[in-house]
Amino acid sequence: MSVPRRIGLRAVALFYLAAVLVGPLAMVFYRAFDRGAGHLWDSLSDPNAIHAFKITLILAAIAVPLNTVFGVVCALAIVRRRFPGAGIVNAIVDLPMALSPVVVGLSLFLLYGRTGWFGHWFQAHGVQILFALPSMVIATVFVSLPFVAREVVPTLREIGDEQEQAAHTLGAGGWTTFWRITLPAIRWAVIYGVVLTTARCLGEYGAVAVVSGHIEGQTETATLRVQDAYENFDLAGAYGISIVLAVMSVIVLVAMTFLKPKEATS
Amino acid sequence: MMYLSIVVVLPIAALVWASRKDGVHAFWTVATQPEAVAALKLSLGAAFLVSLVNAVLGTITAWVLVRDEFRGKNVVNAIIDLPFALPTIVAGLTLLALYGPQTPIGIDVAYTRTAIVLALLFVTLPFVVRTVQPVLLELDRESEEAARSLGASELRVFRSVILPNILPGILSGVALAFARAVGEIGALVLISGNLPYKTEAASVFVFNRIQSGDQSGAAAVAVVMLAISFAVLLAIGGLRWVATRHERA
Amino acid sequence: MSIEISNVSKRFGDFQALDDVTVDVGTGSLTALLGPSGSGKSTLLRIVAGLEWPDSGEIRLAGEDATALTPQKRGVGFVFQHYAAFKHMTVRENVAFGLKIRKRPKDEVTRKVKELLDLVQLQGFGDRYPAQLSGGQRQRMALARALAPEPNVLLLDEPFGALDARVRAELRVWLRRLHEETHTTTVFVTHDQEEAMEVADSVVVMNRGRVEQIAGPRELYDAPANEFVMSFVGQANRFGDSWVRPHDLEVALSPNGTTREAMVERVTHLGFEVRVELARDDGEPFAVQLTRDEAERLELERGQIVYVRPIRETTFA
């Protein structure tokens, strides 16, 4: 390819990325430190902010392990056991990726609300689902469902089951085979999936916003807090939390880059 | 092993059903409210535009990442994943910082449709790039050389040899980007201003209706969005099938 | 069209792929570039095609300087080892590609494609996709595709390397016959010296980026220019400073003046020929080739002591 054309394409791509991604991100860092680091610290040590981070971390701590186990089990079922409907299960696992978070939130709202299907039952037993942690957990689990499964499935397919067959002929039972043969083979795919799942949990907004009720100090996640702060003209607060979230994202991004299964550049 | 997936699948299925059930009676009237229609039109239009931009710029970006060499390319490649890692609300805030009321570069498009498009471009950026990259990597370079030796100009080589092979990748990426764009909420909440009929996207419409207690209104539009998601998932599968039929012996 | 390669050098990083190579290929000839991996033969071919650029040196096609021309402008047909088929196009569309680029009228294209498919014996396969063809069929399609725009030069890069032995043998005969019919200047690259000897009029032996010898098959075998050519083309045994071909060794059951003692290690019957592997008195292994009758007369067995003498030997300065 001729040199001017090559440089031209490169310039287009880089400019696009700078305008859409890099520029805005840099701005947030700039703005957060605009009024000095001290101010930043104040807004971050606001008890509501700390609580919001706590909630976010709790949600992630529950959703990630659950979805990891589910993801691995599901991937194994889809790839290794030929059962009718495997295609449908595959599609259903992909569904959260195509659904809008508000739609997810609304569905949960309708299901567990006072007039919802399960709402009655929970109400009768005095268990609060909506506007409380349980619904937020369910919402987070839902939206971060696919990632581990989607990463593990192609890896499982690629390794093939010959190693497992060999293990069986050597006398290893189901669990031993899984633990010593299968799991080590897929561990990087699982780890990468976990990183993606965590990122999704940390970043979730729409579904949780609908079901949580935004109750300051109780059912606010970090992301909800950003919105809240901004709408209450607490710019410093909003930027402060965003910075922390952005830093966490960069860490996640670095992890993603190093753990990525395949080389995507020549 | 299967029961675990059922534990999760069943609620999902129930959710799907629940949302449809509630809007049954007044569904059509509610769904065709002018405000709802405007919101849907806006979301679909924006998603369409954004998908188009992604198809072109995403492919160019993938091309540059695969075929070009320059210092810092690895960093650039890593940055592509930023929209996957960054919370969408923060994305909205960052765009607001650069292209909003306190913009340092003189571009203030907050609370306009441009802002919506911008926000959607951010969140959908990785899709086409990431679906095209592996295909480009696997391309048989010798076919391109063969075409050149047969007299094809560079443009012709791209049109006749490269494009047909990366098209399935582009289409998959576009479909994913489209689905994401239609459903996006976090990035739009702060930057779009939510003016009904003007800058209120479908997702925001649903959100607002839930807040104000109009569940059937929300559900109606939500169901339409759900249908779009399904359609897109089907489209991806279908496109892949059609485009790879020449590989089936 | 003649090809003049003058003082071409090419380097990839630290690796010197071609070192001051000069070769003249006559119009209408069928030439082989023969050598082990890394000898530079594929690189040279690609430079002639315009798929690589030399660091220094010149390429002239039909007397005109073509060094700076892109592959599109050189009028060369190129056939790749792994076919480089356009996977998303049918066989017919593949073959027609070069003609469509040149905007030939539709009926001419249809006619030519049919002619070529008949020539390569793929009639009836026109509407299939490359994925549905066998390796040999794909390579024949690639040949038809390269020939369609009537190139002045046909270049083939280890064209039969990816195919199994029998298909390879068939296609070799086929290539020679094709050349006899079309008289297009043809250059092909191979690491298989049998292939080069069987197919080509003229062989360019290359090693480590240099040309070792350019000659016809017979001369290459009977009068090799140096040790490398002697040992690469055909079999050769080394006795001290001289080299002896396996069929130039006389085997006797009793010593006779200039003979040397050796022990039979293995006797292999390859149809008409018998190959005998022996170890010399100093332990060095070597091989002798006898006809079936000769071997029978000697009644050779493993462990037997015999006496060998070279009938003809070659020494290099």
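For reference, chains read A, B and C in written order, and residue numbers begin at 1 within each chain.
Here, contacts are C-beta pairs under 8 Å (C-beta built on N, C-alpha and C of every residue); 3 or more make two chains touch, one makes a residue touch a chain.
Fair warning: this is a prediction, and the values are worked out from it, not measured in the lab.
At the centre of the protein atoms shown, by the Cα-centroid criterion, sits B. No other two chains have as many C-beta pairs in contact as A-B. Remark: subunit A and subunit C have CA centroids separated by 58 Å (rounded to whole angstrom). A separation of 17 Å divides the Cα centre of subunit A from that of subunit B. Rounded to whole angstrom, the centroid-to-centroid distance between subunit B and subunit C, based on C-alpha atoms, equals 54 Å. If you check the complex, the residues on subunit B that touch subunit A are 1-2, 4-5, 8-9, 11-16, 18-19, 22, 57, 60-61, 63-68, 70, 73-74, 76-91, 93-95, 97-99, 102, 104, 118, 121-122, 125, 130, 133-134, 137, 154, 176, 179-180, 182-186, 189-190, 202-203, 206-207, 210, 215, 218-219, 222, 225-226, 229-230, 232-233. Of all residues in subunit C, those touching subunit B in their complex are 49-51, 70-72, 74, 76-78, 80, 82, 84-88, 97-98, 101-102, 129, 131-132, 142, 145-146, 148-149. Residue ranges on subunit B touching subunit C, taken from their complex, read 140, 142-143, 145-153, 156, 160-161, 164-165, 246-249. Residue ranges of subunit A in contact with subunit B, taken from their complex: 1-2, 5-6, 9-10, 12-14, 16-17, 20-25, 27-28, 30-31, 69-70, 73-74, 76-77, 81, 83, 89, 91-92, 94-95, 97-111, 116-117, 138, 141-142, 145, 196, 199, 202-206, 209-210, 222-223, 226-227, 230, 238-239, 242, 245-246, 249-250, 252-254, 256-257, 262-266.
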